[in-house]
Amino acid sequence: MAVFEYQRRVRYADTDQFQAAHHSRALLWFEEARTELLRALGRPYQEFERAGFFFPVREASCRYRSLARFDMLLAVAIDSVEVRGASLRFDYRVTCGREAIVEGYTVHACVDRAGKVVRLPADLREIFARA
Amino acid sequence: MAVFEYQRRVRYADTDQFQAAHHSRALLWFEEARTELLRALGRPYQEFERAGFFFPVREASCRYRSLARFDMLLAVAIDSVEVRGASLRFDYRVTCGREAIVEGYTVHACVDRAGKVVRLPADLREIFARA
Amino acid sequence: MAVFEYQRRVRYADTDQFQAAHHSRALLWFEEARTELLRALGRPYQEFERAGFFFPVREASCRYRSLARFDMLLAVAIDSVEVRGASLRFDYRVTCGREAIVEGYTVHACVDRAGKVVRLPADLREIFARA
Amino acid sequence: MAVFEYQRRVRYADTDQFQAAHHSRALLWFEEARTELLRALGRPYQEFERAGFFFPVREASCRYRSLARFDMLLAVAIDSVEVRGASLRFDYRVTCGREAIVEGYTVHACVDRAGKVVRLPADLREIFARA
């Protein structure tokens, strides 16, 4: 069971001349799902940036299963969130109905404004522990 | 005669399912040409941002003449730069060989870090006067 | 009163280092609003493409009023649709609450698969006449 | 020693509000490098599409080493190309001077116009064997 699910249309500007969403868009769908997960958990992402915590991507990986066509309504599921000392890992699964579109994960460092790696803020740990 | 010319390939990720560059990309080509013009004039854009001057777009306008296909080598000409008290206007013409692709202009305010409109820095006036 | 209104968050990938949405994104918001208008009118855009009608942008114009910050919930209003013989014009107004963000318009040709300008399909005329 | 190297500036529209290129852009840099490799080998990519061969991405993976700032001149090296029966793998390393920016790989299927997996065209095998 997914931790969270976010729905998102494939937009015209997402497509390329192969008549489907460009593969780089999967990383945007993952990012939008993370943003909406935090909002759903009551702690919008920008609160962390305002408090001086940033979460740059250290690793990103995708396996593409089938093409995402224009106007498809995608379900972007976050299947798990792994909270480590100073980093986070999210696993994603994008589907359209029963059709697998793309799976992947991202790993994020937690850094301060100067780019120094710091421990995850306690409240972020807590909300993900509850999720 | 153009003030400056910048060459740029149409990339795969620029295309959409209509088999040509998405119309929004023209604004990116214009921006890249502005960046390269400033470099050619010896004052890279980031020097202005470091000095506290920013140039947000206030108006942008495009007339599309023909489609820009994948891998076309575009010439993005800056035809004129109009320097005003606290703003700038650039006129662009994008061609591929003799074929007109898109024409347009952008108007930029000059603002400080707080977003307040300020007079253009003197050295920016000078380099455009020479151009 | 707007013909139609579409709501859209400013996404992280929409922002640039000036800490607001890149100006080119306005054209994507306009496009998404057009897509949703057609869906709301019962004739999704891809039905026209399948029937051999395409609507490339011939003109696009934007006036930026204030910056769209990350995570703002934008209302993209289509204020009017002007149906001509072989082209269409849409007028847009993007706001966030009472704050004006950007206004603009796009003009679209109606072409067939070969790129030849053709008259607008009759059903498109009808649905816009009703709107 | 890299098979090929492609140089590419970080553009303003590549940046996000974290003041560096958005992580999704690495996939665009990889793609541009593949396009330029094929051109350098004398067989531009569109010739394959015209002949009915397409190379959709099946896997993509990135490890981000340091941030790519606006206007950095990146060297996108293709370190190896692995030619399989009906797929291809490219390994990439992006640097700016001595600084590692991002490493990654992509795996591509070879499909025909209908999306059916087919053997790589013989001339593509040959040019990569020589490279």
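In order of appearance the chains are A, B, C and D, and numbering begins at 1 in each one.
In this section, a residue touches a chain if its C-beta (ideal position, glycine included) is under 8 Å from a C-beta of that chain, and two chains touch if they have at least 3 such contacts.
Fair warning: this is a prediction, and the values are worked out from it, not measured in the lab.
A.B. asks: So which chain is the furthest away from subunit A, centre to centre on CA atoms?
C.D. replies: Measuring from the centre of subunit A, the most distant chain centre belongs to B.
A.B. asks: Is the C-beta contact count larger for A-C or for A-D?
C.D. replies: Comparing A-C with A-D, the pair joined by more C-beta contacts is A-D.
A.B. asks: Distance from the CA centroid of subunit A to that of subunit D, rounded to the nearest Å?
C.D. replies: So the centre of subunit A lies 23 Å away from the centre of subunit D.
A.B. asks: Which whole number of Å gives the spacing of the CA centres of subunit A and subunit B?
C.D. replies: That gives a centre separation of 33 Å.
A.B. asks: Counting in whole Å, what is the centre-to-centre distance of subunit A and subunit C, each centre being its mean C-alpha position?
C.D. replies: For subunit A versus subunit C, the centre distance works out to 27 Å.
A.B. asks: Spell out, as numbers or ranges, the residues of subunit B touching 2 or more other chains.
C.D. replies: If we look for residues of subunit B contacting two or more partner chains, we find 12-13, 20, 24, 28, 31, 70.
A.B. asks: In the complex formed with subunit B, which residues of subunit C make contact?
C.D. replies: Of all residues in subunit C, those touching subunit B are 17-18, 20, 23-25, 27-28, 31, 54, 56-64, 67, 115.
A.B. asks: Which residues of subunit A touch subunit C in their complex?
C.D. replies: 9, 11-13, 28, 31-32, 35, 44-46, 70-71
A.B. asks: Can you check the complex and tell me which residues of subunit A touch subunit B?
C.D. replies: 12-13, 15-17, 19-20, 22, 24, 70
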